[in-house]
Amino acid sequence: MTQVEIGRGKSGRRAYSLDEIGLVPSRRTRDPEEVSIAWQIDAYRFELPLVVCPMDSVVSPRTAIEIGRLGGLAVIDLEGLWTRYEDPEPLLAEIAELDEPAATLRLQAIYSEPIKEELIGRRIEEIRGAGVTTAARLSPQRTVRYYKTVIDAGVDIFVIRGTTVSAEHVSGQAEPLNLKRFIYELDVPVIVGGCATHTAALHLMRTGAAGVLAGFGGGSGHTTAAVLGVAVPMATVIADVAAARRDYLDESGGRYVHVLADGGMTRSGDITKAVACGADAVMVGSPFARAAQAPGRGYHWGSEAHHPELPRGARVKVGTIGTLEQILHGPSTVADGSMNLMGALRRSMATAGYSDLKEFQRVEVVVAPSSRPRG
Amino acid sequence: MTQVEIGRGKSGRRAYSLDEIGLVPSRRTRDPEEVSIAWQIDAYRFELPLVVCPMDSVVSPRTAIEIGRLGGLAVIDLEGLWTRYEDPEPLLAEIAELDEPAATLRLQAIYSEPIKEELIGRRIEEIRGAGVTTAARLSPQRTVRYYKTVIDAGVDIFVIRGTTVSAEHVSGQAEPLNLKRFIYELDVPVIVGGCATHTAALHLMRTGAAGVLAGFGGGSGHTTAAVLGVAVPMATVIADVAAARRDYLDESGGRYVHVLADGGMTRSGDITKAVACGADAVMVGSPFARAAQAPGRGYHWGSEAHHPELPRGARVKVGTIGTLEQILHGPSTVADGSMNLMGALRRSMATAGYSDLKEFQRVEVVVAPSSRPRG
Amino acid sequence: MTQVEIGRGKSGRRAYSLDEIGLVPSRRTRDPEEVSIAWQIDAYRFELPLVVCPMDSVVSPRTAIEIGRLGGLAVIDLEGLWTRYEDPEPLLAEIAELDEPAATLRLQAIYSEPIKEELIGRRIEEIRGAGVTTAARLSPQRTVRYYKTVIDAGVDIFVIRGTTVSAEHVSGQAEPLNLKRFIYELDVPVIVGGCATHTAALHLMRTGAAGVLAGFGGGSGHTTAAVLGVAVPMATVIADVAAARRDYLDESGGRYVHVLADGGMTRSGDITKAVACGADAVMVGSPFARAAQAPGRGYHWGSEAHHPELPRGARVKVGTIGTLEQILHGPSTVADGSMNLMGALRRSMATAGYSDLKEFQRVEVVVAPSSRPRG
Amino acid sequence: MTQVEIGRGKSGRRAYSLDEIGLVPSRRTRDPEEVSIAWQIDAYRFELPLVVCPMDSVVSPRTAIEIGRLGGLAVIDLEGLWTRYEDPEPLLAEIAELDEPAATLRLQAIYSEPIKEELIGRRIEEIRGAGVTTAARLSPQRTVRYYKTVIDAGVDIFVIRGTTVSAEHVSGQAEPLNLKRFIYELDVPVIVGGCATHTAALHLMRTGAAGVLAGFGGGSGHTTAAVLGVAVPMATVIADVAAARRDYLDESGGRYVHVLADGGMTRSGDITKAVACGADAVMVGSPFARAAQAPGRGYHWGSEAHHPELPRGARVKVGTIGTLEQILHGPSTVADGSMNLMGALRRSMATAGYSDLKEFQRVEVVVAPSSRPRG
């Protein structure tokens, strides 16, 4: 690891963003049609290595079902509008009409409505009823309180997601969530995160999780770096967490914990680079906020945008560019990497000469700040 | 230290700004409520590690009192409008109305009014009368002339602040301030600076100062780099001065001189990074110019902006976003790191897994130019 | 090679763009008139080391002839409008009138018209009939199907060009093009590419090609980095492929395969730097889209802009600045490096003290991100 | 020297611009009034280390006289408007009125007027008549033809200036200027350049020159990097040429050749950094184009902007901000480093703790891309 001296007595490692790297084709090329991008976690097999973020602007019961039918996995946020309101549609419509200066204040008010336990079960059942794999998210703070309802409703994959989730939360006030005990006792596979380092990831893997979120998540408008100063660029995060996967594989005698890159990926090129750094799958939000079916109606925000005390993100206008199917599978009518995400992944792998995701994790990369993508 | 060859025979060290680094969470997390951000210098204990800059756009007797009551420490500038004018309010109002091209010229004229010695005492007494810790600033050039008045008025903490203050000022014209003699003879604790290097800081520490300002200060609109070419980025400055603190602690057999980061910090993320680099507290200006109570009425300027011969800063429009209390303690209604500064510091420490400021100085950082904060 | 650690277990080489380097004059200077920029590949000698890209916005039969008469070599695209339509002029006129949001969609429709085999021969004959060296391009996918027609029509130089062309294409569906067999059996010299690495270039050289395209090509509005994540900056690509040329020269006992830099060069300074990195000639598009005679009428696009499923480029407005002759040979009336490209090359070589292209490949360079050209 | 591998077989040195460095104060400070910035070259002593560029937008006989009286040295361009036209004022007025697109074309036409030999003598005499040190410039190409006239008119300092001037110009057409013979035979001191490397500078020093121009000159709107690809950032150039000065001092047994930094310095901070890198004096243009007395009337251009075949610069609008005296000596009414250049130099030296220019060449610097000056 390259340690850089910041000043006497304080050094840091140079860390890289996905924007700073580029993929290098090998000496082979392939037909895109012959490339497999299938992904399997636990007993669940997906045609696509794509998990859609638990964000109200993107995942509603209806879009979760449609994304499932298109080959991906959508995660519904059990602490969002769908469990706070019987019918969130009028509120989603209102959010899309808010004027800028007051938007944060109104978001804070809308999300101050308490969560209704009965809605948790109902939302899961709505998705499950359509026959697609059902995934739902709670924060670590609310997992203890609501997880039974979630399990009883028949969730397939349980997602515990916060900006930073550690296997060792220290709290003097309440009994904190003991992730290790909790996950081992649960019957369903758990995906947990975010985390940003080899050590933190290794500890999460030891809890028995099926997958770990690498990164801090956050909508594309998040401002964690400005507000908290916390920032680790994604290329380095993914590579470090993937290294933890290899180390844990050895330590555990063969348990393969999936690494899901989670944070700031908005273009298909970001997705291909995430896999190149070692991700098994990606968790993506904002590209789907641009779908005609998106609940956000052309706007996008994450849960950090309505924090009552310290919002760390904004509602951003992303516009509407096509259907969910087009955004996933094309045909694309734009050239900026926001449509036909999966076709782009296939073509990138074919151009570089790889035939499946596991192989593609080994593609050569260059560090090239100058080739920060346009568009 | 990484020496970079600029050309044959001229090398320099690579130095880093706070924008180029990011904090890395450890494998633990904590509850923000259980984090302590208290700070003590000499006999004075503060709930917050926050000193507000001696700038007329920010600190008046009234705001000094309010900041004190909110847990921080405000420093009044004894060479600003409050000691030049009986009633500066009309001038503050006028400054906020100035049109751009002529603003510098008019500032120069307003500040050409002589300092009135009787006002020095009166301003200190106004603040002291409210029962909060009282701090006041003079430049090194005027310290000899006015310090008795300052002491007699009952100041608690004496601040000697210039762009660069050295323990060894060479002058053939007048008897220069002998900092070492001066500070040792004084009964009140002195905070002195700025300085930018390990050596300069060590010399200032040997004067007996209670605290040293690390950085060149300067309002957020300062142009020292463009005008003088003098520039050392803050992450490196803080880390170097913190190293001087450790070296002096050893050399002096246990005297702990506080390091106050002073310069260009405008967002809460800058404050968390300053502590991560080794600061004990931060001296901050511009975020408070955005308070409803700020004397600057939405404008901000430092003393370098009205230098009669060589202004090195501008009056910048910063707008008004909330009350002093909100800016310090929230709740925040914006997402750019300019509100709830202390809540953000607590949360950053909790996310990273640390429970007090001294521990948090050891948090891991990455060098990540790509994650220059947005917003 | 400098390997940079991106994260644990993933490293990459630092790669450089032409924008990041600058040429350093030697201790000699020369008269520009005494500099030779002649270039010879196989039996064909050109006054200029300049090949114009097979792009519909730039090369029509008419401009191919004119570029040939001016000393360069233009390559006609046999999969563009001129082989899909008897008379493409109305379509070219329409493309120049398209409004932005729908432009990609309409381009996709226009290019969905099938290629007419009889037009392939006719276009080649039109150029050949004028007595200039004739070059034409097919993609690897269509080479097997059409090459006989191309040869029969009397092409002088055969160009096989795709984003990435490998000597080892893996396909289970159809018999892929075996480049090695194909090129050795052909009577005319072949230029093939793009490629981006030493290894890929070496394999292409072993096919018997007369020239290799170094780079991924792409119009100046291409978005390969954003869509596929594939990106290797040009200075590094050219230097690596030039090294393959040297290695193959030794391996083959004396066969000199020409390296043509192909990608993103829009100013004369880019061309001089490409030669400095080791290119024998350059393949350039966008500067010629700015000619009064350009078929694109002030617009520019590459074949990647009309991909039916995954467009990776846009039609960009480049404007019209002068005649083809002025753009090549001046006099220039603009100062941004877009006119008198060959005069600039001569003057750069003279200023740096070199007298022919082969010598100029050895000119000293500096890595200087700060001197990214203006204009 | 840090060699960076660009690609296999091509390496380059990392070179730095003045924008990438910052000056670091020492542990001393001084009074600005006690700092000396006097400069002496050959028998000529100046109060200021400042030479004003031979550019028509800046130096006329009238401004040359005024700059001389203010303590600096202005160089008149003997190939500019003042030797082509009896009365250039109407043309200067016209240039200031030109509309953008046609400006270059009209500049080319205006400067196509032949040089009148009788005007060369007359301009020199006009300046000399006022009693100030007189300096005049020719290009290497015209030096042989006109130098006698220049000497006869009584020039004090002879300046031979081109983008790149080498001691070894190779030409088959005409007898090139033999700098070594020419300079040794001349009675007046010669300043010659530009040059960008240690070797080229050393060769120029061996010609007997009194001073060498380090850099490529060029107005602030020059586009040499975009047009020719030639670019070496100034901090590295100055440090390398200063090293050649030291080496030549030893080689020659004590001849001290002055290094004049020449290129792209627009703010006072650039000037202080140039000295810090080793310059004895600076040659500056654009700041003086902003003077009320400037012939350019708020516009600025260099000779490269009207090259008949290959213009490499533009006429840029710089505006008018004050008198020549204010720009040199203040008082300044702006904060961006464009006024009171010499006061800023003094203050920078005082802040950093140095008392004369020779000492200040040793000031510590940091490499800090992040502190690229604002304003």
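Just so it is clear, A, B, C and D label the chains in written order, and each chain counts residues from 1 on its own.
By definition in this document, contacts are C-beta pairs under 8 Å (C-beta built on N, C-alpha and C of every residue); 3 or more make two chains touch, one makes a residue touch a chain.
All values derive from a computational prediction rather than experimental measurement.
Trainee: By mean C-alpha position, what chain is farthest away from chain B?
Mentor: Result for the farthest chain: C.
Trainee: Do the two copies chain A and chain C share over half of their interface residue numbers, or under half; same or different?
Mentor: The interface is built from different residue numbers on each side, given that under half of them are used by both copies.
Trainee: Once you find the CA centre of chain A and the CA centre of chain D, what distance in Å lies between them?
Mentor: 56
Trainee: Using the average of all C-alpha atoms in each chain as its centre, how far is it in Å between chain B and chain D?
Mentor: Chain centroid spacing, chain B to chain D, equals 40 Å.
Trainee: Which chain C residues sit where two or more other chains touch them?
Mentor: 14-16, 236
Trainee: Looking at which chains touch which, would you call it a line, ring, star, complete or other?
Mentor: Contact map by chain: ring.
Trainee: On the basis of the stated criterion, which chains touch which? Give every pair.
Mentor: Taking the chains two at a time, the touching pairs are A-B, A-C, B-D, C-D.
Trainee: Under the touch definition given earlier, write down the residues of chain B that touch chain D in their complex.
Mentor: It comes out as residues 4-10, 12-17, 19-20, 104-105, 108, 163-173, 195-197, 199-200, 203, 221, 223, 225-233, 236, 305, 308-314, 369.
Trainee: How about chain A: which of its residues touch chain C in the complex?
Mentor: It is residues 1-2, 14-16, 21-31, 33-34, 198, 235-240, 242-243, 246, 267-273, 276-278, 330-337, 340, 343-344, 347-348, 351-353, 355, 364-368, 370-375 of chain A that touch chain C.
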